[in-house]
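Next come two complexes built around subunit A: one with subunit B, the other with subunit C.
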Partner chain A sequence: MPFPNVRLSNRPLHFIYICDCSGSMAAEGKMQALNQAIRQSLPGMAEVARQNPEARVLVRAVSFADRANWHLAEPTPVDQLDWRDLQAGGITAMGEALELVAGQMQSPPMEERALPPVLVLISDGQPTDDFAAGLGALMRQPWAQKAVRLAIAMGHDADLEVLQQFIGPDPLANLPAGEVPGASGQMPRGMAKSPRRPLQASNATALAQYIQWASTAVVGAASMPASRMAGSSREGNIPLPDLPPTLMDPTDDVGPLVW
Partner chain B sequence: MTGAPTGQWQQPQCCTVIGAAHRRLGKPCQDASVACSLTGPGGTTLQLMAVADGHGGERYWLSDVGSQLACDQAILAVERALQQHPLTDQRHWLELLADDLPATIQAAWLEAAAGHWRQQPESSDQPFSPLTYGCTLGLVLLAPEWWGHTGLGDWDLVRRNADGHLDLISEEQNVSASGEATASLCMGGAASLCAERAALHPLTPGSAPFALVLSTDGVRKSCATDGDFLALGHHLADLHQRAELETALAQITSQGSGDDVSVAIGLWGARANHPPRPMPPQRLPVVLLVLLGLGAGLCWLQPWQRWLPAPKPAASPTASLRAEVQRLCASPDRIPGTLRQRQAQFDQLDQGQRQRQALIQQATLDPLGAVIAASWPVPAAANPALTPALVELNACPALLSALDQQWQQRRAAAAKMPAAGNASIQPPSAP
Partner chain C sequence: MTWILPEGATLRFEGLKEPIQIQRGLGGGSQGQVYAVAIGDEQLALKWYFPACLARDPHLEHRLGDSIRLGAPNNDFLWPMALLRPTPESRQRIQLAEAGFGYLMALRPPGFIGAHAHAGGNLEISLRNVLRASFFLANGFHELHLKGLCYKDISLGNLFLEPTSGRVLICDNDNVDVDGRDLGSVLGTPGFMAPEILLGQARPGASSDLFSLAVLIFRLLTRHDPLKGQLELAIRCLDEPARRRLYGEDPVFIFDPRDPRNRPDPIEHAAALITWPIYPERLKALFEQTFCSGLHQPNRRALTGQWMHAIAQCLDQRVLCPHCQQENFPEPGTPGRCWACGRALPAAVLLQTPVAQVAAAADNSLHPHHFDPVLSHDLHHPLAEVVAHPTDPAILGLTNHSDAPWSADLNDGQRVTVPPGKTCNLSALLRLHTAAGPVEVIR
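For the complex of A and B:
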């Protein structure tokens, strides 16, 4: 009996960069480092996508400065992505950026069968608009609640508190050693380097490694069709892979402190 | 079809195929399924089919065992209940489905899982945790005068009527907003969650033929929309050969979610060509252990004869449309709920992702989808013969009103979104 005219489909995995493009990002080569880090991560992300054909990795990007805008509005298959450089200048409309993303975190336009999306917020400063309103708008959306939310702080002027609010509470914070879900099952040395906390990049090398980790290891984990028990908060929305070993120890950071 | 319908169940069948992703990564199949006949006092027969889906995460690393144990314990619990309670007491069986059976199954599952754990090397330094074995369970019982279901988790149950109409009988409601979360046998109080998935449906010998398709979430998640999932259920109910079913499931997982996929199929309404083959419960653990030893996909299929009449091919899409309109209007209070199951289809039509004409032409396969499509405004160039207005099909006011309400609700929801749709699409007028 022939197979019916039914649309079988792999599951879309939406990966959205939310990038701070405020004026401070122009200093000390941060904007250039971010553009380079994202661009360099794309081949690895494409390879992960190729290895996980059950997921259809689609990339978008939001930039925020005086206003928030879609830098890459169309969900773009990673192997077709040609990264266009972000430009720095303006203030930090982070709340507006989250509202912009919120508009896409409901069905439609999200597909019914989508995998939990991955949202990566990257910032070097503090929001200058109503961050709480933006976060509230985002977190009212069902797909934002399901999303894997990561944050990267560029330099030490970033507002870690708002980035942590974006991620949500760290479910690993109060667990005893040895009960941390993840590839190793071990608590990363130095909770400041937990993937459920803002990842602090103090130079271009560290930033590149975090971006690479998010775009490969996290995308790989999010691509896997693994269910889990409802009501278990400690795993987060997916069990995140461990950070690269060199980044797990705050005393063993990569490269010199620049930012 | 080799005999007139006499009002009984055909031997159910089931099949599990390892997910394409698990196969690629060398992971075990975490689904399990079972279908069998149980014999009670006086020779009464109760047929059972079940699917279970082990959670895939590392925290649930023995969930492949857990899903097998869930099916195993479901059979044993139902077999015990069958010895104690006459099948004619439908009220009591409904209570069993809602309360007693889930509680018995979960307790026995926990005990069996703990016993399995004690045989693992890790048990010497790690305490038993039910999480390690976490899985879902969907259970359907097929009795001579009723059928019922219970369970918990993200399994789905579709009913296909003789006229080809498909209903999603049971699905998991949104138990948690996060990730790929689902209710699980490893949760505290899991048994109490089964009540909302429990139901009992009376039958009479004259009840029209129908098919039931029970599936794990890997099947539904492989389909682009719920409409596609229902159409797939229609197809699966027609597969009578083991090879056909395995091939279909392999195609579903490889072109879809990559997850393990399981289905169990029950058919009512015709004379069984082969007597049910009961499986003594005492043999089940042995069989399951053997299958566990094999590592992956369980598939137990009985010889299968085509007996359920294929949906009568409609003379034209219009005939199917008309029949569907009549069916819907026969139960006006069910119309809004039925339409809500197809919200995605409304949205896709609205956004130009589905073509009205194509849906109408597939009315024999998906008559409800065709009705929804027919409520869309008729394009100027369309062939009027294939795009009959619903009013010309004697649609009742309740149907017209419910369709109009759905369009308005979907469009209101879309209006809250940023301009992402096709702005050239015109809103539908009231049918």
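For the complex of A and C:
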């Protein structure tokens, strides 16, 4: 006879991509690279969701250019997600995008009980609207304060300062680089890699790695406690997993390949 | 996934005569990646660590070396077999600044499924096999602790189950350490960690293993978390500080007889309320012991041998409800009602051995420990198993799994021989004479 048809109760985990679709994303295949990176990451994300009985992983996406819009408005279980390509064109209404997300970071529409949401902001440029107002609106929402906020800078023109403001202050900023958890050698622009700083994707491979890391390792960490090491960082309300290791790519130092 | 070892390549490792072919990546986690590899004709698995993991855990190589020397506690562990460091030529083919090292182990055989699938309700498995899995898990820890080792980081993530047999595989054995030596960095996984470890008041060892073992057995038997009740419902955002409160600062067992603050919610925590009444008091008492007084007093936690004894006894009590066929574990001598359909359970036919009573229900079995109280509990080598007749499941028989014939006294005074591999009809049977001892049928 089968085990009774019961299961562990679970909580929703809202994962929201906030994607820059400004005109500059059309250049050098960046938009296609982002669409591909997200699409390629979905099977791994579905697998993590399946292995985390305590979480119901639900994905949404906001796109911003001249205006911000819900690209995927319905919180969608990751195994049912069919990624529709983002299209580039326009300016960079990043502030409005954050306001749009802010509207969803309160209960209701958020559930009474949930896991910390994961917000991933991806941009290649500077906001053209009132970013501070958008960030202010977002950070007034309790669920946004609890959220794991990550940022990916595409190429070298992204505004790292606003991305860092979105993430929040890096508690490790004053540590010597060697002591940064997750730092694995390479230090772009003299900074140690840390998930609490904007992740700089200078080529399509790095972008795909970061998107995959956010959609699997971070989703795992936010939905189910991970194995804990002595001396591991205590910053934030969710300990972030190590960034993917830096691979020895002979093309690393020659600058962007695709853009 | 970006693989750090070149798929398809053949690499050489220090101290190893034969090269290893990296066949394909199997998976990756936060610590490293696992590959299917071949050495000659032998198929094995290779785990390769990320540099960040090695940097955090300076004693990993030392511990792995000790584990490899000591050998696996039993066959239920996917145990490290050899530590591998690449030769200078092969090092260049590994795409990391510091190549680091890895270890070889057996491949996980097909048919074993992550214990998460069970917790998530996505696994068809019988209560018998869930209990057997719990027994094998306790037995694995028993053997591990007897070797003077401790595991430190057991959770649903490193346990695999074979749903058709209840067999288990305990994986990720790289945190195993000599108990008390503390040559390790891992603390455990919140939700499975003992409170004193989560709060930083002690380092993980055999006594915190006992807490984690009880959590894991509870989660297998109930598909629920022993500390998630009303106190969890009061938490809006379940993040690390909230988990610290729930599992470390103010943990309360959901069925604590003296502290009702954390009772399960009938809707949110239905799994616990449905499954808890299924199990016999003796087994439930071990959870109470570990999750009430044992929460803060590590020496009060139920021991591996106690779990093995209580779970084996629960399996001996197993009967099938004649009305709904559901598995039940009534206390011996008490009539009881089926937990699933609520109807009365008839008194079971019992197999009486010199030291135990086993209910005659299909798939129940007699083991050497049923005949000799000195033998430790072992469910891998049955001497006899109750089987249903292939065409009429109402007819039960007893199959001889020993290597010696039995002589059987039947109701009509006849005496027949039951050779190894053969089955005798239980309804005709009065008593058996086996090499291990007599078996009396009590109706």
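Basically, the second predicted complex is superposed on the first by the 209 of 259 C-alpha atoms of A that agree within 3 Å, B and C clash if a C-alpha of one lies under 4 Å from a C-alpha of the other, contacts with A are read in each partner's own complex, and residues count from 1 in each chain.
Rule of thumb we're sticking to: a residue touches a chain if its C-beta (ideal position, glycine included) is under 8 Å from a C-beta of that chain, and two chains touch if they have at least 3 such contacts.
Small disclaimer: the values here were computed from a predicted structure and weren't measured.
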{"item": "First, second, both or neither for A:Ile238, with subunit B first and subunit C second", "value": "both"}
{"item": "First, second, both or neither for A:Ala217, with subunit B first and subunit C second", "value": "second"}
{"item": "First (subunit B), second (subunit C), both or neither touched by A:Gln104", "value": "first"}
{"item": "Which of subunit B and subunit C A:Gly44 touches, first, second, both or neither", "value": "second"}
{"item": "Which of subunit B and subunit C A:Gln209 touches, first, second, both or neither", "value": "second"}
{"item": "Contact residues common to both interfaces of subunit A (with subunit B and with subunit C)", "value": "1, 3-9, 11, 52-53, 107, 112-113, 115-116, 142, 146, 181-183, 185, 224-232, 236-239"}
{"item": "Residues of subunit A that touch subunit C when the two form their complex", "value": "1-9, 11, 44, 50-53, 107, 112-116, 142-143, 146, 181-185, 205, 209, 212, 217, 220, 224-232, 236-239, 241-249"}
{"item": "Complex contact set, residues of subunit B against subunit A", "value": "19-21, 53, 55-60, 131, 134, 136, 154, 174-184, 186-187, 217-218, 220-226, 228, 231-232, 234-235, 238-239, 244, 248, 251-252, 255-259, 344, 347, 351, 362, 365, 414, 417-418, 420-421"}
{"item": "Complex contacts: residues of subunit A adjacent to subunit B", "value": "1, 3-11, 52-55, 100, 103-104, 106-109, 111-113, 115-116, 142, 145-146, 181-183, 185, 224-233, 235-239"}
{"item": "Interfacial residue positions of subunit C with respect to subunit A in the complex", "value": "1-2, 4, 30, 50-53, 56-57, 95-98, 114, 116-127, 130, 153, 155-157, 185-191, 193, 219, 223-225, 228, 233, 235-241, 243, 268-271, 274-275, 278, 320, 325-327, 340"}
